[in-house]
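Okay, so subunit A shows up in both of these, paired with subunit B first and subunit C after.
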Partner chain A sequence: MYNNIIIENFTNPKNTVELTEHDFIINTGNPVCDDKISIWVKLEDNKISATRQKAYGCATSLATASIFSEYIKGKKIEDFKKNNNIEHKAIELLGELEPSQMHCYEIFSELFENLTQNITAHVL
Partner chain B sequence: MYFDYAATTPVLKEIKDNAYQLLTKYENPSSLHIKSKEIKDEIELARDKIAAFLKTTSDHIFFTSGATESNNTAIKGFYFNNKEIKQHYFTSLIEHPSVIEPIEYLNCFSNFSSSYIPLEIILNPYELEKEVLFKSPTFASFMMANNETGTIFPIKEIASVLTKHGTYLHVDATQAIGKINIDVQELDVDALSFSGHKIFAPKGIGVLYLKDPSSVAPLIHGGGQEKGLRCGTENVFNILALKIAINYFTTHFTEIQTHYKKCRSRFLAKLNTTGIEYILNETNGLVNILSIRFPMKGDALADILNFKYNTMISVGSACSSNKNEKKLSHALKNSGLMDHEIQKTTRISFGLETSLTDIDNLVKNINNVLAVYH
Partner chain C sequence: MNKLTNLQDLIFNLEEVYNLPAEKQNEIKTQLIIENFKYHYENNEFYRNSCNEKKINLNSIKTFNDLIKIPLIPVKRFKDVNSHLLLTKKLHEIEYEMRSTGTSGIPSVSRRDSKTVDNALLSLYAMYREFFKLSSGASLFLMPSTEDIPEMGMIKVLGMISGLTDASWYAVKGNKFKAQEAYDLLEKWSHKHTRHIVGPPFLVYKFIQFLQKNNLKIKLDKGSYIINLGGWKRFTGEQISRKEYNDLCEEYLGIPTSNVRDTYGLVECNSLAMECTNNQKHISPWVHYSVRDINDLSQEVKPGERGVLAILDPISTSYPTFILTEDLVYLNDTDVCNCGRNGQVVNYISRVRGAEIGCCAINLEKQMDTAEASESAKNCVIV
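What follows is the complex of A and B.
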C-alpha cells in the first residue's frame, strides 16, 4: 500500500499556501499517468526562502510534491553547484515505494533537475 | 464511514442476532436424522421465500456459493448441455469478470464463438434484433444494472428481442437485487444470478434462477444436492441467513428505496451548497450508486478520505505510470468515458446503515480534500 512518509504527506501536505511573490515556477509530470506537479520558488539571501506546491495525480505523486517542496526549502544556492546524488535522496526521502508508485522517484529527480536549471539561469 | 455498499454490505442485524442459533444447526441436511429433516425443511422454506421474492416457484431456485458461481454455472453449464451443437454467445464489455472470463474460457472450444455487443446496440431493440438476425446467438448474458456506474439495462425489452429468436438469456442481477423489483416471469429471462452479500447476507451464498432447470449442465458433481445441479453439502448457515435478508427486503422494500433516494438527494443537495465541481457519469442509474467525477484523481481522493477521515469510497482506476499496465476500469471505458474522465471517477454507494449525518460528513470531508488539492 503506502509507506508512512507517503501517508503523512498526502494526508497533511506541506507548503500548500500561495506565495505572495515568487521568482520562478518549475513543472513536471508524467504524460502516461497524467500526473502534474508545479513548485513555486522564492529566492532570498542566497537560499530558497519559500516554496509552494500544487499537484494533480495519485496519492504518491501528491506526497512527492509535498516532500520535494519541504526538502528544497532553506537550501542554499551554492548547494546546487555540488553533486546532490538526487536519485539516492529521492529514495531516502520518499521511502520504499511499491512498483506502481516508483515513477515518483523519477518525478522527484526531474523536479530537482528542473530546479537546478532554473537556479542556474536566475542566479549562478 | 462506509460508502462502498456496491462492493459489499455488512451483515444485517437480524442475521447477527440469530447467528449463534443458526450455527447450532450442524446436522447434515441429507442425513436421515429428525434434526436433519428439520434443517432440510428450513432450507426449502428459504428457497420458497427467495422464489417468492423473484415471483417464481422454488423448483427454479438453486443455491450456489455466490454470483460468480451462478454466472459460471449458467454460462458454462448451457454450453456443456448443448456442446454437440455450434454455439455463439452475446455479452458486453461492461459485464463483471465472472461473466466475461467464463465466456473467454469457452472460446477455446472449436464449436464456440462469442461477440461483445456495444452498449448502443444493446439499448436499441431494433439494432439488437438486427445483430441477433445476423449472428444467431444461442445464448446471451447481460447485466441488469452495472456495478460501477449503476446504469440500468432494459432487460424486459432485451428479453423480448432475444426470446423471439430463440436466444437463451442469462441476466446477472447481482447489483440490481434489492434495488429493482425483479419479476423473472414478467421479464421472461431464462436464467438470473445474484449473490447474498450485496443485500446484507454473509459472503459465500448465491442464487441461480433457471426457468428450465434442465437447461444447464452441472459444474460440480457429487452427492446430488440442489437436484444434482450444484452438489456439495448445503451451506445451511448462509442459506438461512439469506432467507432473513430476503425476508427483510420483502417486508421493507419500499422504505429501503425511499431511504436510498433520500441519501442520494441529500448528498447532491449538500454538494451543491459547497460549490464543489462535479459531474455525474450516470443520472438515471441505480438510486444508491453515484458514479461521480471530482476535479482530482479518484484514487487519490479515495486514499485521502480513507487514511485521513476513515471514509471509504471506491474508484474506477488505480494509478500506473506503465502504459501496458494502465488499470482503468473496463466497464467505465466501455461506457464511453475518456481515460482522463475515468481517472477522476469515484463510486459512492449508500446502504441501509448510511445516515444523513454520515452523508453530511462525507461532503464535508470531500470539500476539505478538494480545498487543499484543487
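What follows is the complex of A and C.
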C-alpha cells in the first residue's frame, strides 16, 4: 500500500524540530481526509536556510510534509523565478502512490505554490 | 461450546457466548487480552518502554484482576504528529487508515493491518447480525456515502449495513441533506422492503423536523430499525434528549422505542456496543470496559458509578488497543439483561470536562452547517 519513500518519511520524519526564528508559515490541507500541513520557513543569505514541518492526517500526507520540507531546504530564492515543473517533481519525490493517496501530489504542489507566493511577498 | 479459545470462535458463536455467565465470559476475554498484551509488549518498543516505566511486564498480567494494571494509551495520543510510534506493525503492513475529527479539526488516525481489518470486520458484522438479524430490507442512510468521505470512521462502520440489505441510499450529497428525496424513497420502498434508517442522531432528528414542518408522517415496518451512531451532542453544544427523540421516532416514523437502537464506539477501537430490545448497550464479549475513578485513574469504580472509560480490546495487532478514552460512563450494576444476554452493559454520560467536544458526527454536522450558511450567503439579495 505504501512505497518505500513514504514508509521512510512517515517512520523517520525530517525537520520536526521547532525553529527559534522563522519568516513565515505556509499551510495547506485536504478537507476530504482532514490532512493539515504547516511548514515553517526561515530565509537567510538569499536561500531557505531552515524548515520545520508539522502534519496531521493520513500517513502519506505526513510523509509529504517531511519530503517537502527537505526538498525546499537550501533552495535559492532565485530558483522560485523559474518554472519548477512542480507536478513532475511531486511524482518524482513522493514516488508511485495508490489512487487513495494521490491527493498528496496536489498537496505538494499547493505547498510549493503557497511557498512561492510567500517568497514573492517577502523578497522578490 | 467446548472450544471458545480464540477470537474467531467467539465471533462465530456470539449468541452462545452472550448466554454464558459473566464470570465465564470474563475468563475467556482475560485470556485473549493477556495474549494480545503479550504480543504488543514483545513487538512494540514504544509500548514496552511505557510498560517498563510503570514497572509492568509480562509476569504482571496473569488474571482478570490484573487487567487493571495494563498500561493505557490516552486516546488523544492518536492525534499526535508522531502517532507512528504507536504502531506495532510496520507501515508497509498497514492496510487501512480510519479517522475521526472533532471540533479542533485535528484528525485522530488509527491504522490497521490486514489481520486487524479481518477481525474488526468480522466482529462488527457478527454484532450487527446478533442485534439486528439483518439479511434483507432497505437501508436509508442519513449521512454521506463512503465514496464522499472514505476514511471517516462513523460512515465506514455504519455503511457496512448496506452489505446486509437489498437496497440502500445515502441522503447527504455534497454536504446537503436531501430530506424530500429521503421521504420519497421511503414511500417508494413501502410494501417492497422492510425499511431501516441509519445515521447519526442529529440527522434523524433533522429528518423528523422536516416531516414535522411538512405535516408528514411515516409508518415504518414491523421489523424496521433506526440505527444510530455518533452521539447525542450537537456541535452547537445542544444535547438531543433521548426520550424526546424516541417519542418523535414513534410519532413521526411509526417505530417503537425498542427498535430505536443506539450504538457506541471509538474509531480507535474495533467494536461497537449495540443496544438490545431494552435499549441496553451490550459490549462485545471479547472486549473489556474498565471504568476508572476520575480522581485516580489507576482505580476502578464500582458498577453503577460514573467514571472515565478505559477500553481493553484484544482484536488489534497493528497497535495496542488499550485505550483511556475521554468519555464518562457507567456500567450496569448487574451482568444480566432482560434480553437474555449476559456481560457488561455501558451507559454513556458525557465527555470528561476539558475534553474536545468532537466525533465524526459533530464534524459532519459542522461541515454541513458551514456549507448551508455559505449557500445562504450566496443567495442573499442585498436590499
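Here, the second predicted complex is superposed on the first by the 124 of 124 C-alpha atoms of A that agree within 3 Å, B and C clash if a C-alpha of one lies under 4 Å from a C-alpha of the other, contacts with A are read in each partner's own complex, and residues count from 1 in each chain.
Just so we're on the same page, contacts are C-beta pairs under 8 Å (C-beta built on N, C-alpha and C of every residue); 3 or more make two chains touch, one makes a residue touch a chain.
Fair warning: this is a prediction, and the values are worked out from it, not measured in the lab.
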| item | value |
| --- | --- |
| When subunit B and subunit C are modelled together on subunit A, clash or fit | clash |
| Which superposed partner A:His103 touches (first subunit B, second subunit C, both, neither) | first |
| Which superposed partner A:Asn30 touches (first subunit B, second subunit C, both, neither) | first |
| Touched partner set for A:Cys58, first subunit B, second subunit C, both or neither | both |
| Partner chain in contact with A:Tyr2 - subunit B first, subunit C second, else both or neither | both |
| Partner chain in contact with A:Thr11 - subunit B first, subunit C second, else both or neither | both |
| Clashing subunit C stretch [against subunit B; choices 205-213, 277-285 or 367-375] | 277-285 |
| Intersection of the subunit A residues that touch subunit B with those that touch subunit C | 2, 7, 10-11, 13, 16, 32-35, 55-59, 62, 100 |
| Subunit B to subunit A touching residues, read off their complex | 296-297, 299-300, 303-304, 307-308, 318-323, 325-326, 339-340, 343, 372-373 |
| Touching residues on subunit A, where the partner in the complex is subunit B | 2, 7, 10-13, 16, 30, 32-35, 55-62, 100-103 |
| Residue numbers on subunit A that touch subunit C, as the complex places them | 1-2, 6-7, 10-11, 13, 16, 31-36, 54-59, 62, 100 |
| Touching residues (chain side subunit C, partner subunit A) in the complex | 79, 81-82, 84, 90-92, 94-95, 97, 99, 101, 105-107, 109, 111, 149-151, 367 |
